[in-house]
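As structure tokens, here come the structures.
Same chain, two partners: subunit A is paired with subunit B first, then with subunit C.
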Partner chain A sequence: MLFTSYEFIGFTAILLFVYYLIPQKYQWMLLLLFSYIFYYMADPAYLIYILTTTITIYFTACLIEKNADRQSAFLKQHKETLLRDEKKAYKDGQKRIRRRTAGLCILLNIGILAAVKYTNFLIGNVNGMLQAFGQEKQLSFVSLVLPMGISFYTFQAIGYLVDVYRGTVRAEKNPLKFALFVSFFPQLVQGPISRFGDLSKSLYEKHSFDSKAVCFGLQRILWGFFKKLVIADRILTGVTTIISDIDTYNGVYAFVGMVFYTLELYADFSGGIDITIGIAEALGITVQENFNRPYFSKSLKEYWRRWHISMCSWFRDYIFYPVSASKAMQKFSKFARKHWGDSIGKRLPVYAATFIVWFATGIWHGANWNFIVWGLANWCVLMISEELEPAYMQFHNRFHLDKKPAYKLFQTARTFLLVCCLNMFDCYSSVAETFRAFGTMFTAGNWGVLREGALLNLGLSMLDYGILVFGVIVLLAVSLVQRSGSVREKIGRKPYPIRVCLWFGMFLLIILLGAYGVGYDSSQFIYNRF
Partner chain B sequence: MDKLLQILSELHPDIDFETQDKLIDGMILDSFDIVTLISEISEVFDVTISAEHIIPDNFNSARALYALIQQLEDEE
Partner chain C sequence: MNKGEIIFKTGITLVIVVGVLYLLQRLLVPKYVDGIVEGAFVAEYYQEKNKEFDVVFIGDCEVYENFSLVTLWEEYGINSYIRGSAEQYIWQSYYMLEDTLNYDTPQVVVFNVQSLQFNESQSEAYNRMTLEGMKWSSAKVKSILASMKEDEKFLDYVFPILRYHTRWSELTADDFKYMFSGKKVTHNGYYMRVDVKPAENVPVGRMLSDYSFGDNAWKYLDKMVELCEQKGITLILIKAPSLYPYWYDEWDAQIKDYAEEKELLYINFLQLIDEIGIDYNTDTYDAGLHMNLSGAEKLSVYLGRILSEELNVPDRRNEDDISRIWEQKIIDYESEIEVQYEYYGINKE
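Entry: the complex of A and B
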């Protein structure tokens, strides 16, 4: 059931109606029921996977917490009798048990994710190597179900388990409530990857009907539909045309394609997240924001603080910090300091941990070398920027350009183009094709075709371009206004007739300008496949 | 405390670490700084800051960070 389908709109409308009709203590149960119906309707086989993750993580978290509580009670009871070293040995022993228990459960769940997502990727690579060594024998690919949203809910559930292990949240005792945290349907498909400490505050609460919250939620959903149907799904035709035939559409077309794709990706993904947050808001539930106007960033580092925030912070808290703070990494740091000096010794652990994070980020996005190279390309740019930081500082201090609006605009445009280039790995079918398409931008010499109306050969008419330009201007204007606070709050302060006109106008725009129906494929949100 | 202040000021010479108490919330220290800090603290104070200690409360000010180091020294 797609977010942009009539079925989904009906499904959400029924939920909202019943949600505020039933006694409030049953609201979270209704959400659980609807979440499982949503997942069941996608494919009944998916339920096995989500239930396995839910059950294993639920019990492991309870076991870990029980062990931690037992430890506290024991230490309290023997406070006077135990020596300092005995206490430390006991605590270390118990911690080791908890770490191994959590580790096994994480391994199992990552194992499931890896098996369904990466088995065929691995077989493909083994076959490639066999061929390279002159072996005729090839392994057969296997047919596996890839459950919808598995990357998202697995990470969300693992994050919860680590939080319980670290003692930052208490384990949820009610298995059904925990099942809702894992399966909450608006965010099941493409995130955000919520933290238990944040989402649980409002997920299980009783919610009275609040007309403002429902109204704001519906407005946010409408805005999500605008981004998805008016911008993303309309520009999709142009992107598909360009990337499907690199021999015809190279040079300037490849440039246009990468810019179009970058716009499509943002409109599609952030539009989907708007719908998710809007539904949650209408239900009285707070889901964390996943974007903070990323294309306004002035560096790639800043961009990654503002794009897909929940995923980036997940990788930071559960991979980057544990890896860089690990004993092995600290030993490596000491070794590096001793042999190569303080300066390199300080930086190497950061670079090594960041390399692991970007490799993981790449492969998380898909079982494909394109994504791995995309991740590592991001890592390279970030590390080069880090190395050049002192030079930048010197340059800025000398010329005082960083405060000038024109220079800020230049930095923003430069970062946007950099992101466009990196996103090319996501578009083309292989790494080689990506590099070939990128190279043609400098070698094809066909920039003159723009004057001959070349853009009209991409399956988009003048009307399509008109709508796209309008859509992007609206998106840009809203983003600019957002910098000084919530747009909906601002509209909410306007007189009633203006508010009605604005939101009804938005609704009409989606109906009139949205790319849906016959001839359009609004079949997937891009991030559904991750 | 002086040793810690010296480590911090090497990271960001322009910040007054004795008074600043929003190092994380104010986005003065980023994840790269934190990892560099952990490595430096491990070298100078011979304590191990593990991932579970990396929370804003422990890194928002030099004072909070020093309290963490003292706690870890006591434990170790």
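Entry: the complex of A and C
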């Protein structure tokens, strides 16, 4: 069920209606029921995967907590009798058990994810190597179902398990409540990747009907629809035309394609997240924000703090920190300091840990070298920026440009273009194609075709461009207004007729300008495929 | 703000919102008053004050372009109507019949069998032209469900604004003028054309791998026969004298056998060209695809005799109420002939 389908709208409307009609103590059960219906409707086979993750992580978390509680009780009981070393040995032994238990469970779930997502990627690479070594024998690809949202719910569930292991959150005793945390349908397909500590309270508590929350939720959904249907799905035609034929659409077209794709990606992904957050809000549930006007960033580092926030923080907390603090990395740090001095010795382990994070980020996005190279390209740019930081500082100390609005604008534009270039890996079918398309921007020399109406050869009419320009202006205006606080709050303070006109106007814009229905190839949300 | 105020404000808002959406929808839906007028045919039926027709024709362009009902009236006093639409599929014909029976039960139903060639809907545009004009009833709902192609949504039929939301960029003065009421484009469902284009290079039917009609098509023909039996209606199967789309002998044989088995009258007008007196040099306006006025009148004279003499369809010319209605229809008919003769630059003589 696509978020923008009538079925989904009807499904959500029924849920909202029933949700506030039934006794509040049953609300979370209703959410669980609807979440599983949602998942079942996508494909009944998917249920096996999500159930496996839910059951294994639920029991493991309970076991870990039980062990931790037993440890506390034991230590309390033998507080007087045990020596300090004995206590430490006991604690270490128990911790090892917990770590191994958690590790096994994580391995199992990552294994499932890897098996369904990366098996064919692996086979493809093995075949490539066999061919390179002159072997004729090729391994056959396997037909595996890739369950919807598996990357999201697996990470969310693993995050919970690690939190329980770390003692940050208490394990959820009710298996059904935990099942709801894993399967909460609005965020099941494209996130955000929520933390148990953030989501669980509002997910399980009783909610009475709050007209403001429901209105705000619906307004957020409307905004998501605007982004998705008016901008993302309309620009999609142009993007598809450009990336499908690199020989015809090279040079300036490749440039236009990468800019279009970057706009599409944001409108699509953030639009989907707006719908997710809006539904949750209407249900009285708080889901964390996933974007913070990322294209206003002045550096790639800042961009990654403002884009797909939940994923980035997940990788930071559950990969970067553990890897940085791991024994191997400590050893590497010591080795680096000893051989290359304190300054490099300090930075190298950080770079190594971020390398792992970016490799993981890349491969999480898809079983394709494009994504891996995309992740590592991000890493490269970030590391180079980090290394050049002192030079930047010197430059700014001398010229004092960093406070000037024009320079800030330049930084924003530069970061946007950089992100556009990196996103090209996501568009084209292979790494080689991406580099080829990128290269043609400098070699094709066809920038003059813009004057000859080249943009009208991309399957988009003047009217489409008009709508797109209008949509992007609205997006930009809303983002600018957002800097000084919530747009919905601001509109909410206006007189009733103005409020109604604004939101009804938005609704009409979606109806009239949206790229949906017969004649439009309604596209899936881009992040659904991850 | 007290509860009453909230309810009042919400109520007013809802009325305005629904009102604006309704007006917008009326504006955006195609009016079919110019160019492709076929989409307007189905809805015109409901404007008839007296729907007690003795004969109802059901089918595609082979009925609505080939039979002049004014001729049937003038020659035999037969009170009839054509519930035809472009590429009307047989399941749509069946539900069109069901819909018609909600208003009255005719003595005879004439169904053109060309549509049996299709076992599933071929085009969303044709679906729309048949289904949108129908008034909401269980027949319409069932017809939509039976007709929808994979990429179509039922809700788009309920709220056509969702289908035509992009038409705002192509609105014309007609969209405003005919926002609430359309212009009559047929004469009791007959779509008139007076111009002539002789049938010269008639395409020959290409070989088919399978000449059997599909199960779905047969199913609806069975249902139609059953419904007519239940209601005591005489069902006549016809094949209009359109030279193409090609009517294969194998198809004809299947219909003949079926008609024999069900004891139905089946008339293949393609085999009666000489008897009817059709001249494809003068009686068609699109090279043999459809009859023009001259051809339609000849065909109606021939069919009218069968209806009147063999099936005893009554002559209503002595009934004042119906005659008065037809008087006006004849005036409109004659007047359009004049307009078309002038438009196409044809000398009446």
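Going forward, the second predicted complex is superposed on the first by the 529 of 530 C-alpha atoms of A that agree within 3 Å, B and C clash if a C-alpha of one lies under 4 Å from a C-alpha of the other, contacts with A are read in each partner's own complex, and residues count from 1 in each chain.
What we mean here is this: a residue touches a chain if its C-beta (ideal position, glycine included) is under 8 Å from a C-beta of that chain, and two chains touch if they have at least 3 such contacts.
Being a predicted model, the structure only gives us computed values, none of them experimental.
**Student:** Scan A:485 for contacts with subunit B and subunit C and give back first, second, both or neither.
**Tutor:** In the superposition, A:485 touches no partner, neither subunit B nor subunit C.
**Student:** On subunit A, which partner's contacts cover more residues, subunit B's or subunit C's?
**Tutor:** For subunit A, the partner with the higher number of touched residues is B.
**Student:** Just subunit B (first), just subunit C (second), both, or neither: which does A:453 touch?
**Tutor:** So A:453 meets neither subunit B nor subunit C here.
**Student:** Now for A:511: first (subunit B), second (subunit C), both, or neither, which partner does it touch?
**Tutor:** second
**Student:** Which partner does A:350 contact after superposing on A: first (subunit B), second (subunit C), both, neither?
**Tutor:** So A:350 only meets subunit B here.
**Student:** Regarding the shared-chain residue A:496, is it in contact with subunit B (first), subunit C (second), both, or neither?
**Tutor:** The answer is second: A:496 touches subunit C but not subunit B.
**Student:** Go through the superposed model and pick first if A:23 touches only subunit B, second if only subunit C, both, or neither.
**Tutor:** It touches nothing on subunit B or subunit C.
**Student:** I'd like to know which partner A:168 touches here: subunit B for first, subunit C for second, both or neither.
**Tutor:** A:168 contacts subunit B only, not subunit C.
**Student:** Does any part of subunit A touch subunit B in one structure and subunit C in the other, and if so which residues?
**Tutor:** After superposing on chain A, no subunit A residue contacts both subunit B and subunit C.
**Student:** Along subunit C, where are the residues that touch subunit A in the complex?
**Tutor:** Within the complex, subunit C touches subunit A at residues 9, 13, 16-17, 20, 24, 124, 151-153, 155-156, 161-163, 165-166, 168-169.
**Student:** In their shared complex, at which residues does subunit A touch subunit C?
**Tutor:** 6, 463, 496, 500, 504, 508, 511-512, 514, 516-519
**Student:** Hey, which residues of subunit A end up touching subunit B in the complex?
**Tutor:** It comes out as residues 88, 165-168, 301, 316-317, 320-322, 324-325, 327, 330, 333-334, 337, 345-347, 349-350, 353-354, 386.
**Student:** Using the touch definition up top, name the residues of subunit B that touch subunit A in the complex.
**Tutor:** These residues of subunit B touch subunit A: 30-32, 34-36, 38-40, 42-43, 48-52, 54-55, 75.
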